[in-house]
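Take a look at the structures listed below.
What follows is a pair of complexes built around subunit A, which joins subunit B in one and subunit C in the other.
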Partner chain A sequence: MNFADSASAMKNLLGSEGDSQRTLYPYVTGTSVVAIKYKDGILIAADMGGSYGSTLRYKTVERLKPVGKHSVIGASGEISDFQEIMRYLDELILYDNMWDDGNSLGPKEVHNYLTRVMYNRRNKFNPLWNSLVLGGVKNGQKYLGTVSMIGVQYEDSHVATGFGNHLARPILRDEWHENLTYEEGVKLLEKCMRVLLYRDRSAVNKLQIAKITEEGFTISQPYSLKTFWDFAAFKNPTVGAEGSW
Partner chain B sequence: MDVSSGDLDAPHSMGTTIIGVTYDGGVVLGADSRTSTGMYVANRASDKITQLTDNVYVCRSGSAADSQIVSDYVRFYLHQHTIQLGQPSTVKVAANLVRLVAYGNKNMLQTGLIVGGWDKYEGGKIYGIPLGGTVLDLPFTIGGSGSSYLYGFFDQVWKEGMTREEAEQLVVKAVSLAIARDGASGGVVRTVTINKDGVSRKFYPGDTLPLWHEEIEAQNSLLDIVAAASPEPMIT
Partner chain C sequence: MFRNQYDTDVTTWSPAGRLFQVEYAMEAVKQGSAAIGLRSKTHVVLACVNKANSELSSHQKKIFKVDDHIGVAIAGLTADGRVLSRYMRNECINYSYTYESPLPVGRLVVQLADKAQVCTQRSWKRPYGVGLLVGGLDESGAHLYYNCPSGNYFEYQAFAIGSRSQAAKTYLERKFESFVDSSRENLIKDALFALRETLQGEKLTSSICTISIVGVGEAFHTLDQETVQGLINEFEVVGEEPPADEAAPPEQGAGTEAALAPAAPAAAAADEGAPADQGVAPMDI
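What follows is the complex of A and B.
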C-alpha cells in the first residue's frame, strides 16, 4: 500500500497536477449544437439533454451560456468539462472587465482563447471532452466559430457539432442564405432540431435557442417541438412485403 | 463447477440505491444499506447517508472506498470553511467542494454522490454529482445501480411542493421498489430529513417495507402455516 505524504496529497486532492493523466472518457454528455448567422446576428440552438451512456438521464441541462456582453457559447460533450470551461471564461471576462478601459472581449477573441485552451489540453493528452460553438456580434461584425476537443477550429456562416454536422449542415447548405430574418432563422434551426430529434438517439425534446445581436443576447425559455408520425407508410410499413421491417 | 461465495477480494462497491428529494421546507435523502464485494454482502446495514456538516449530508454510491474518502476530505474542508465563515456553510459551497474533489480526480474515482441540505439563504437544496464531476442543481435526483429501476417511477409520481410526509413516503417507497429488483441494493431503508429545524434520521427495517410483485409475507416457520398434525403426503 502506498501512502502519499500529506503535502502532496493535499496538492493532489483539489486538482490533478503531479500525476500523469491520459485521455479520459466522457460520462454525462450533451449532443448536437447548431448555429447560423442571420441578418441581425447569430442564432444558436441546442437541446437540454444530459445523457449518461445510453440513458437520457438529465433533461434540463443548459448547454447555451452567455460569455461577456457580446457572445454566447454552446457546448456538446462532457458536461463537467463544460462547467470547467465556463469557470475559465467567467474568469477571463472578469479580468477583462477589471481593466475598466471601455474595451471588451469580442467573440473572435473568446473563440481564439478557447482554441488555445482546447489545443493545449490535447497536447497533454488530457482533453476537455467538448465540441464548442462560439457566436457573437461586436461593432456590427457577426462572428460564428467552432472548436473541437482536439483543437480544430473554424468559422463559417453555419456550424454544428456532433450529429448536427451530418444531419443539420446539409439542410443548412441547401437553405441558408445571407439576410435571413429572425423568423426564417428560427424556423430553419427548428427544422434542423426536429430532424435531430427524429434521428439522434441522444436528442431530447426540450430545447433552447439563443439570439445574439449588437444589442445583446437572449436565451429562450425551454420549449418542445411538435413531431409528425401521421403517414400512411408509417401506419402500415410492411404492406406488400410481409415479414419485412 | 465450484460454487464460490463470490470474489471476496473484489473492491467493495455500494451497488446502491440513493435518492435526494426537495419538499416544501427542506430535503429528504434516502438510501438502501447493502455494501457488496462481488456477490457477497459485506455489510447488510451500512449507512450511506453521511454527514458533512450540521446542515449538509451526502448520499454515497459506487466505490465504498472512494465515496468515503471524498466525504472525509470534504468534511475536513467544510469544517475549516465554517470556522472561517463564522456561520453554517451553504449547501452550494458543500456541493462545489465535492465537485473539486470529484472533477479533479475524475480519472481515479468511481463514485456518484447526492449532496443535500438546508441553509438560510436558499432553503432546501439537492445537488446531483454523477461520475465525471458534473454538478447539477435539481429538485430531485436518483443514483446508484438501483436507480435504473426508478426512472419510470419518478417520471410518473414526482411533483413539486410536496409536504414533508409525502416526500418521506415517496423516498421510502422508491428505495423499497429498487431493492426489490436490484441485487446490489438491499437491507434497510434509511432516510435523513433536513430543514430549518434541524436533521431527523429515520430507519425502516426490511420487514416493515411494503411487499411488491411476487413477494410474500414473511413467516416464522412453515410449522405456523401448515394445518397442524400430519399433512397429506404428496402423491403423483
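What follows is the complex of A and C.
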C-alpha cells in the first residue's frame, strides 16, 4: 500500500468540512441515567431534559423506553441518535415477534445486540453518540448493563451514565444491597437524582422512574424532587466582596 | 416412481400437482444409511449406522455437532449434509456472537427449511439430497426436528430416516409415549434398540454405529466406542427383549428385564391406540 493511498484513505475516514455523513458533535443531549437492581427487577431513573449546548432547551424528553416484553432502555447523549436506536430496536423486536414461536429476546440478548451496533459504528468513525443503560427481567433472572458510544459494555447491580458515574455510583456503592424493596429502591434513586440535580448543570427538575419486573414495564408520571436552598451560606452571598452587588 | 415427461426440471409441475425432482430428492434420503432420533423432556439422542464401503475404508461422518446445544444426524447425500451442517454452524455462531445467547433450535430449522425451499423454486438449482434430524435444546425444552429436501420440517418425539428405517419406526411407534419422561440412560438404550432393528439380524457393535446426545446441562457430544459397546453388552447379556418397563434401572437389569419381557406384548397392544401423528413419517408430499 503506497503512501498516497493511505493518506487519502485517512482523509476519507476522518472526514473534512465536505462530508456531512457522520456524527462529529452531539447537539441535543440528555444527561445522566441511573439504574439499580432491586427485589423484583430493575428500577431506572432519568430526567426529562434535552440540553442544547448549555441551554436547557427541551423539558419533556422521554429518555426511558420499554423494549419488547422483558427490557427497558435509558439513554443519555444525543437524542436524535437515541431515536435512531429505538428504530433499530423496534425492528429487532418486530422480527423477533414475527417468528411467533415460544422464544423471545431477553435483556441480555438486546444488550449484546446494542453493543455490536455501537462498536461497529465506532469502528466506522461514525458513532451513535449515546451512553445506554439496558435492564430487564426474564424467567426470574434480573439483568442490568450499560454500553457506551465506543462500545464498552459491562453489567453490574447498579449502573449510571455520564455524571451519574461520578455522583450517583459512590452513593450506590455505599447504600445498595440485594433485595431492596420497591420503596427503598425509589428512595435510593431519588437520593442520587437529587445530588445530580444540585450538582449537574444539565440536570432539570423533572424526572421519571421506570420499573421492569417479570410482569412488565411501568413508568411513573413526570414529577419533581423537593430541594433545599435555605443554607446560611447562601444568605447574603456578597457580604464581604467589595464591589459586588 | 417411473420416469415421465414432467420430471426433468425442478421448476416443472406435473398435471397432478407434483414436483418430481423434489420427490426424487426424498428418494435419495431413503437410500442413505439409517439415522434415528428420539427425545425426552430433557435430552435428545441421535444415533446412526456407520457402514464403511469396504473393510479398507473408514466410514462416513453422519452426525455433526452444530453448537453446544444442537446436533444433526443426516441421511442421503452426505456431501450435501456436510455443507448444510456448515451453514447451521455459521448461523449458530453468528447468533451467539451478536446476542451472547444460543440460537433457538426452532429458529434454526426454519432457516434451514427456507434454504431448502429456495432450491425447489430455482431452475438453475437442485434440491438438497439429504434429510436432517436436528436435535437441540432451547428455552422451551428439548426438541427433535426432521428437515426434508422439500423444505418442509416437522417436530417429532422420535423418528428414523434412511434405509430400513421403517423397522426402527415400528419399534419407536410402540415405545414413544414413554420417551417424554425417560431417563438419559433408557433413552440411549432405546436408540440402540431402534438402531438394531434396522440391521435386520446383523450383529450390533459399537464399530458400526454412532450415538450422540445433548441435554440440559450436557453439551452435544458423541459417546465413545467403549461406552457404547458397554451399553450394548448390558442388554445383550440379558436377552434380546427390550425392557417394557422404563422404571427398571439398567444396572439391575439382568433378572428383572427378562421377567418383564412377557409384559412387552401387552404394553405394545395398549400403545396401538396412540395418536398417529407422532413418530409417523409423512415423508411424501
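Here is the rule we go by: the second predicted complex is superposed on the first by the 212 of 245 C-alpha atoms of A that agree within 3 Å, B and C clash if a C-alpha of one lies under 4 Å from a C-alpha of the other, contacts with A are read in each partner's own complex, and residues count from 1 in each chain.
By our rule, a residue touches a chain if its C-beta (ideal position, glycine included) is under 8 Å from a C-beta of that chain, and two chains touch if they have at least 3 such contacts.
Nothing here was measured: the structure is a model prediction, and the numbers come from that model.
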Dominant contact partner of subunit A by residue count, subunit C or subunit B: B
Partner chain in contact with A:233 - subunit B first, subunit C second, else both or neither: neither
First (subunit B), second (subunit C), both or neither touched by A:27: first
Touching partner for A:241 - first (subunit B), second (subunit C), both, neither: neither
Partner chain in contact with A:112 - subunit B first, subunit C second, else both or neither: second
First (subunit B), second (subunit C), both or neither touched by A:103: second
Touching partner for A:58 - first (subunit B), second (subunit C), both, neither: first
First, second, both or neither for A:83, with subunit B first and subunit C second: first
Doubly contacted residues of subunit A, that is, touched by subunit B and again by subunit C: none
Contact set on subunit C toward subunit A in their complex: 97-101, 104, 106-107, 110, 138-140
Residue ranges of subunit A touching subunit C (in the complex, touch as defined): 99, 101-103, 105-106, 108-109, 111-113, 116, 139
Touch list for subunit B against partner subunit A, complex: 73, 99-101, 103-107, 128, 130-136, 138, 148, 151
Complex contact set, residues of subunit A against subunit B: 12-16, 21-22, 24, 26-28, 50, 52, 55, 57-58, 61, 78-80, 83-84
